[in-house]
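Worksheet: the structure to be examined is printed underneath.
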Amino acid sequence: MALDSKVPKGPIKDKWTDYKNHIDLVNPANKRNIDIIVVGTGLAGGSAAATLAELGYNVKAFAYQDSPRRAHSIAAQGGINAAKNYQGDGDSTYRLFYDTVKGGDYRSREANVYRLAEVSANIIDQCVAQGVPFARDYGGLLDNRSFGGVLVSRTFYAKGQTGQQLLLGAYSALNRQIARGKIEMFNRHEMLDVVKVDGKARGIIARNLITGEIERHSAHAVVIASGGYGNVYFLSTNAMGSNATAAWKIHKKGAYFANPCYTQIHPTCIPRSGDYQSKLTLMSESLRNDGRIWVPKNMDDVLAIREGRKKPTELSEEERDYYLERRYPAFGNLVPRDVASRAAKERCDAGYGVNATGEAVYLDFKTAINRYGKEQAKISGITNPSEAKIYELGQALIEEKYGNLFQMYEKIVDENPYKTPMMIYPATHYTMGGVWVDYNLMTTVPGLYCIGEANFSDHGANRLGASALMQGLADGYFVLPYTIGNYLSNDIRTGKISTDTTEFDEAEKEVKNKIDFFINNNGSKSVDYFHKRLGKVMWDKVGMARTEEGLKEAMSEIKAIREEFWKEVKVPGTAAEMNPELEKAGRVADFLELGELFAKDALDRNESCGGHFREESVELDGEQKGEAKRNDKDYAYVSAWEYKGEPADAVLHKEELEFKDIELKQRSYK
Amino acid sequence: MMALSAFFLMFFLLQHFAINILSVFSPNVFNEVSYFMGTNPLIQYVMQPVLLFGIVYHFVMGFILELKNRKAQTVKYAKNNGAANSTWVSRNMIYTGLFILLFMVFHFNDFWVPEIVDKFIEGNSQVGKDYHHHVVTMFENPVRIGVYVLAFVFLALHLLHGFNSAFQSVGANNKYTKGLKGFGKAYALLIPLGFIFIALFHHFNH
Amino acid sequence: MNLTLKIWRQKGPQDKGQMVDYKVTDISEHMSFLEMMDVLNEQLINSGDEPVAFDHDCREGICGMCSMYINGEAHGPDRGVTTCQLHMRMFKDGDTITIEPFRAAAFPVIKDLVVDRMAFERIQQAGGYISINTSGNTQDGNAIPISKHAADEAMDAATCIGCGACVASCKNSSAMLFVGAKVSQYALLPQGQVEAADRVKNMVAQMDLEGFGNCTNTGACEIECPKGISLENIARMNREFLKANVKG
């Protein structure tokens, strides 16, 4: 099947408006006869479900948590971008569009990104109307901060918990529709398969996680908003329950999976402290504005620090290697996320990691404290301030800026980051890849939609800070409600979809068989045992830097783990009760397939772009020597994989990317 | 509603205290005021029933509240570290309250019942009655003093939480009410201490 | 460190349930409390027992899913943290730790340490929103200036993560802090004024219907709240409630 992105004709700035003017609409009386299933109720799913219900459709929404408010969108800290230009600093729809395409290393679809930038301003208005308490200045107007290396201030925020506030906004809209009876909410339910009738998505099979009951639900269209697949690495900043099952099941039923190798590894996370570690915690990127990243220059010092014979504060400036400043004098500590992450890995791989696991670098605020302290002393008119006074003043200013982050760090690590440098290490954070969708956000299965982080859409090979929230809400509030209507206008005479059909019988049987298999398998190893092994292979060979050899090994190793999993996995308890191990088993089974496709995609893409770095594809000489080298001639396409049984047999379909409004350039941070 | 009846009772307590303290300074003034309180029809036939209703209401509501609240937590914790997050008095209002209720019975028996019997059943004239003398004789008994003192300790504990709790319940809690909280604590300690002082004063001075 | 754990085990909603003792060894002080529970569960699975079911998700203190009553306190002995942020360095080698589910008639136990908090959902469905359509045809975000003070106060109320520690800590199982925070967030913003009276009446009515107890102002909820939600929010709700009822 040839991929058709269905991008409307015309100039980029008119595409979305023209599209909206020409789509088919469903009249309100008919909307009442149409059902839509939404799987996942985070920012994208929650906002979509609420909006669709407001329009008059009957919505059934599913969440594996006990409340939509707990979706992991809630953990986003920094903010949400919008081209409002409130600061008058030259921002515009075009500039946000341009920044996003460039930040994504020219691997996203222009028309989608432009639409995202276009609706971004509306998101803010919407959220304010809902009662989201965005930060305000003293004049009572909305405040902005700057973020992630762009040249304007366009990030709106609500303290350090913008994600939670936006999600609560969508959740309140959702609640209003639940109360009206327009949304039927299924908490603690997990979708385990999609049901297709005559080639169209017509329902899902879900498991009630409290009773274990397998349920059938039908609808005229199904929307997947189940988030990203970062947990394929076992350790990530994702929630424990975040999973790819919904996305992977639809892939197996015909939806192409796009660009799985594009994963964002965030440079500033709290390092692992031992094998028991269950998840990683992100520290806001903003810390790099004031922190300097370093490791010791000499191996002796590294060993001394690891063994506790020396403290990092005892090392003189000459004994430290500020490797980002050394390698990237122009951007220094403020290089983009992917570059900073790889540089940390390079130092740790060379043996310079500063903690017991050898996987940590220092993020030092001493210079900043000193600089701020001197400034403050001048401001308060103190002449010849003592060292201690400077430090005290500087610390106060740092506390004002990052107090909550420093406190969080101290709670977890039990070290005072004002006194000794923080330790950080990169961790998997966000997946740009996902289910392939066209301009309508529809997958390759008719009537099956995918929105939010779960689709591959707008971020190309790398996502800019504060853009994930923007995309989730744009899809849910402003894009999907239009595009899905265009499709459903053909369904007004279909009538209720019966769940009493062979298609539902078969899908349910398949789901039940798998569950019975897990319960009866009586293997010898827990689900986590396999998940951790998968995670290690993914991290070591499909992590921040990838090689042909490593990827091939990864593919065969993942296959071997998968085969052992199906023989040896042990799931205690029964199917007819709340059984967290059973839930995990199903999710890990899917990760074990997705991981292999991930490696296969990374193998296919022999170029370095954004979050995907192939050691074979680097600049060989000149100023950029050793840096990532993109190959626009051979790889300016979206890889959309078609399921054919084994992940290794997946068939590649290419959507060629055209850049009409932006000129392709190599990124440089030297 | 607990809060509203509490406000009323706290106001009454203040008034009660004000009159009682007179007995320390001047037996005559005390007698005059007592006579006024005991014979004024407004006080007798309007305020007294209101007060009785207030007391009964506060207790009945307190019990209903306690029962409802117990029903809200059917299974108890095996281990509950209440002291880590709240004061003993706040968690035991029902017990301090119950003790005060028992004391009220005792107290009514001491003063209010004889008065009513004297006034309405026997129909004696109240003119020139020596209320002060009655008070002084009552406080000769050391056991009674002990009971009174203990009751006021419980009252202090009850008020220590109750005063500010009542304000919180009617919605008065913001940055302007910091002073009120201090006042509440002072009230909760000073009034019962004052009553104790009166009782001890009469015991040891006569 | 080595620890003895006394954990509430209950097979299902109808089961009577009981405390069961377990031993865990070699626990690192750097572990989070839930990682210690992971170690226990791995141990139970390997020895053929059923692992302990407990709610958890984000493990960074924001989703509000984790919900244990540890040594007599919601989210354990540390302040300003959820159970997932509680670290084992708060305990000593040889300690016995009692772990129970959140107890409240309105939070029935589903299994082991997992409780059903749907009551919170229904309270919010009763009025925890501003009735505005998500059509995008709203006025500009800066059309109504909101004082920084009001925005900050609303933000403080909005930091509630809906974990239910307030209910669990309250001797009356009262949900007033939770409902107070939700009512306050909207009461403090001009957008929320239009429906303020109906909102507070409906939410309070639903709260009572769910079987939560009444507030006797012990203040335990404020102390145990991982997000430091202030009692002022309860007072504000009471004020709003009185106002709404006086106006009729």
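First chain written, first letter: the chains are A, B and C, and each begins at residue 1.
Operating definition for what follows: a residue touches a chain if its C-beta (ideal position, glycine included) is under 8 Å from a C-beta of that chain, and two chains touch if they have at least 3 such contacts.
For clarity, every value in this text was computed on a predicted model and none was experimentally measured.
Chemist: Please name the chain that ends up farthest from subunit A once chain centres are defined by their CA atoms averaged.
Modeler: Taking each chain's C-alpha mean as its centre, the farthest from subunit A is B.
Chemist: Count the touching C-beta pairs: is B-C or A-C ahead?
Modeler: Pair with more contacting C-beta pairs, B-C versus A-C: A-C.
Chemist: Averaging the CA atoms per chain, pick out the one whose centre lands closest to the mean of every protein CA shown.
Modeler: Chain nearest the overall C-alpha centroid, as shown: C.
Chemist: Between subunit A and subunit B, what's the gap in Å when you average each chain's C-alpha atoms?
Modeler: 63
Chemist: Round to the nearest whole Å and give the separation of the Cα centres of subunit B and subunit C.
Modeler: 38
Chemist: Give, as an integer number of Å, the spacing between the C-alpha centres of subunit C and subunit A.
Modeler: Inter-chain centre distance comes to 26 Å.
Chemist: Using the touch rule from the top, collect the residues of subunit B that touch subunit C in their complex.
Modeler: Subunit B residues touching subunit C: 65, 68-82, 84-87, 90-91, 93, 161, 164-165, 168-174.
Chemist: Per the contact definition, I'd like the list of subunit C residues that touch subunit A in the complex.
Modeler: Those residues of subunit C that touch subunit A are 11-12, 28, 30-32, 34-35, 38-39, 42, 44-46, 48-51, 53, 55-60, 62-65, 81, 85, 87, 89, 110-111, 114, 116-118, 120-121, 124-126, 128-136, 138-142, 145-148, 151-152, 154-155, 158-159, 161-162, 185-186, 189, 191-192.
Chemist: Quick one: in the complex, what on subunit C touches subunit B?
Modeler: 6, 8, 19, 69, 71-73, 77, 98, 100, 103-106, 169, 171-174, 211-220, 223-224, 231-232, 234-242
Chemist: Which residues of subunit A touch subunit C in their complex?
Modeler: 47, 50-51, 54, 65-67, 69-72, 74-75, 84, 86, 119, 122, 124-131, 133-142, 158-159, 161, 163-165, 168, 171-173, 175-176, 178-179, 185, 187, 210, 237, 239-241, 273-274, 276-279, 281-282, 411-414, 477-478, 526, 528, 570, 572-573, 577-581
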